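Down below are the structures I want you to see.
Here come two complexes built around chain A, the first alongside chain B, the second alongside chain C.
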Partner chain A sequence: MADRYSRQVLFSDIGEVGQEKIRSSRVALVGCGALGSVSAEMLTRAGVGKLRLMDRDFVEESNLQRQSLFTEEHVSKGVPKAAAAESTLRAINSEVEIEGVITDVRWDNIEGLCRDHDIIVDGTDNFETRFLINDVAVKHSLPWVYGACVGSYGISFAFESGTFACLQCLFERPPEVGTSQTCDTVGILGPVVHVIAAYQVTQVLKILTDQSPSRKILQVDVWNGTWQTLGAERAKSQQCRCCQQHEFRFLEGEETTRMTRLCGRGAVQVSPQQKGPPDFHDLSQRLDKSGQVDFNQHMMRIQIEGYEIALFADGRSIIRGTEDISEARAVYAKYIGN
Partner chain B sequence: MLKLRFFASLKDLTGESEMEVELKGETSVREVFQQLKTRFPRLEKYEPVLLVAVNQEYSDMDSLVAPGDEVSFFPPVSGGAR
Partner chain C sequence: MTEKIEIILNGEEIQIPMEWTVTDLVEDLKLVGQQVAVELNGQIVSRDRWQEETLVSGDRVEVVHFVGGGEE
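Our next item is the complex of A and B:
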């Protein structure tokens, strides 16, 4: 397919040389929801060499409005997002090495997952993971591109922490619960996802082709038609604990929660320290009498006493039907155990 | 006068996307924010995590502003549109 990238190569700031750099690049994408889907598709079509995408969740009907890699079939089969994205992206561009990893990106696995890449792209839905990405990026001198949206509003910025600000220069710590709106409480408009993902991928292509990304923070409200960029060249903090003092508190697990409330979704995620593939056959026999159980190679779904427990092959569970941590812990202990 | 702009959830919280406030002379963004908090007490919890821009340049609460300047406040946005 010599013609495949011809229009991108014709774009003079990329050209043949730039395309070759893109082709030999390795991109790590953390989170494959709406932003992650759209970014992954653009990166795959642009012809990156390798794309590793990581996600902890499975495809649900309410995703289809904006998460462009997923279909109704993925919903009905309950396919994990990383697996669904991998198969869709492979059909789009077989030249790209696509690797979907079904996992919860955490302090104890993020370095192994992201370190051997040229750039990290943010498709996450929470600040804790972004602070983790920031720690890894600063520690290993990797660029990363932040993107987030809610309602009709989105924001993005490319971090190259050596000379310029890192995330902790902008925000000393993640916001308290309740200070950031979520897509589950105020909704999300599909178009703003594409605007933010487009900006993120543009910065990725510039960085991969050895060109400076924008030093401005983009913020946009597609519904109200406001579009503003903020100069951030002077945002680097000389007191930053991360990029100045090299304290990687998130990466060292000091800021980690094992039980994660999935706000607005009526669910709690449980990430056990001891991880191993659960025996789905054994569990299904055990739980078959008390609830409804379905499973495939990736995950198991248990409907029991008004809760739905999704148990993944990496040992993690999402418990729907409560946002209360201790209640979720009890449900987990009762039906899944240690 | 000093022009203030609010984005995303802060716009909902204040009910305005922008407003003007009286400013006698040079003062800090923090001082402006303290006055805003008396009018909108729910702004309190955002104080440690806000992004502040003065005249479209990234700034912080200690930055000084003067009449004619424009200060924008942005909340943290975390959604990845799960």
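Our next item is the complex of A and C:
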């Protein structure tokens, strides 16, 4: 299929030379939900050499509105997202080495999964994993491209920490328990996902062809029609613990949320590192539409999609309805967020 | 009474006391500890300079929220 990439090669900033660089590249994609699906498809069509997709979840009906690699058949068979994505992508471009890895990306496996790649693409749904990606990227001098969406709002930035800011230059740690909005509490529109993934993949193609990515942060609200870029050339912090002092706290598991299986109780306990009191009132308003919520000064009880989440004032949660750590981590990220 | 100056915050004119730093503004907006970056006149101000960056009349400030969604 000599014609396959002809239109991309015709684009003068890529050309034959650029296409060859893309063809010999290895891309690691962490998370294969909405952003991950869209990015993976574009990267596969663009002809990267190898694409490793990592995801811990399986396909559900509520994914189909925006997660473009999945079908009703994947839902009815309960196929893991990494496996479903792998088969769809193989049918799109058999020249690309696609590897779906069904795994919960954590501090103790991320290095092995991502290190031997040229770039890491963010398709995750939580900050804890992004801080991990940032640690690996800084430690191994890899670029990574952040992207996130919620509601009709999205944001993206390409991190190249050698000269420019890393994630920890901007924020020292993930947000407090229960303070961030998630797609499972405020919803998400399909179009914003495509906008942000398009920006991410553009930066990936520039980096893979040895060109500078945009040094601007893109923020978009597709519903309100606001598009804005912000200059990030001088955002590097000279006191950054990660990229200046090379302390990889997330990668060393020091900042990880601890998950404990409560055997025999059908539950998993989630203990985040930050033990600040969650704002029950605020959280109950956000979760109101998704499930049944009660709280008092000591704890909050959330009944949602067959799970019962008990969130305590010390930041700890017990998730009933599963003894599976990855599943509990996914439920926690969806509704409580971090 | 403290003298006030006008700055433009997220496209809207607001008044703040003279000599306020980026830190003062972020505290006033109750955004401490949140995942925000602050752009001053077209460039993100690195966090280690928030305390020393004093706002002056006519400054254009944008507050950017980094969100967590994206979904696995």
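FYI, the second predicted complex is superposed on the first by the 258 of 338 C-alpha atoms of A that agree within 3 Å, B and C clash if a C-alpha of one lies under 4 Å from a C-alpha of the other, contacts with A are read in each partner's own complex, and residues count from 1 in each chain.
Simple rule for what comes next: contacts are C-beta pairs under 8 Å (C-beta built on N, C-alpha and C of every residue); 3 or more make two chains touch, one makes a residue touch a chain.
Since the model is a prediction, treat every value here as computed from it, not as a measurement.
K.L.:
In the overlaid three-chain picture, which partner chain does A:G112 touch, first (chain B) or second (chain C), both, or neither?
P.N.:
neither
K.L.:
Output check: A:T124 vs chain B and chain C. Expected answer is one of first, second, both, neither. What do you get?
P.N.:
Touch status of A:T124: both partners.
K.L.:
Contact-wise, after the overlay, does A:D221 reach chain B, chain C, both or neither (first, second, both, neither)?
P.N.:
first
K.L.:
With both complexes overlaid on chain A, does A:Q238 touch chain B (first), chain C (second), both or neither?
P.N.:
A:Q238 sits against chain C, while chain B stays out of touch.
K.L.:
Please work out whether A:P277 is in contact with chain B alone, chain C alone, both, or neither, and reply first, second, both or neither.
P.N.:
neither
K.L.:
Go through chain A and flag every residue that touches chain B in one model and chain C in the other.
P.N.:
Touching chain B in the first complex and chain C in the second, residues 31, 33-36, 57, 67, 122-127, 130, 147-150, 153-155, 165, 170-172, 174-176, 179-183, 188, 217, 219, 228, 230-232, 234-235 of chain A appear in both lists.
K.L.:
What part of chain A is in contact with chain C in the complex they form?
P.N.:
The contact residues of chain A facing chain C are 31-36, 55-57, 67, 81, 122-127, 130, 146-150, 153-155, 165, 169-172, 174-176, 179-183, 188, 196, 217, 219, 228, 230-239, 330, 333, 337-338.
K.L.:
Report the residues of chain A in contact with chain B in the complex, numbered from low to high.
P.N.:
By the definition above, chain A touches chain B via 31, 33-36, 57, 63, 66-67, 122-127, 130, 147-151, 153-155, 165, 170-176, 178-184, 186, 188, 193, 217, 219, 221, 224, 226, 228-232, 234-235, 265.
K.L.:
For a test of understanding, state which residues of chain C touch chain A in their complex under the given definition.
P.N.:
Where chain C meets chain A, its residues are 33-35, 37, 39, 42-48, 62, 64-72.
K.L.:
Tell me, which parts of chain B touch chain A in their complex?
P.N.:
Those residues of chain B that touch chain A are 7-9, 17, 45-46, 48-49, 51, 53, 56-58, 72, 74-82.
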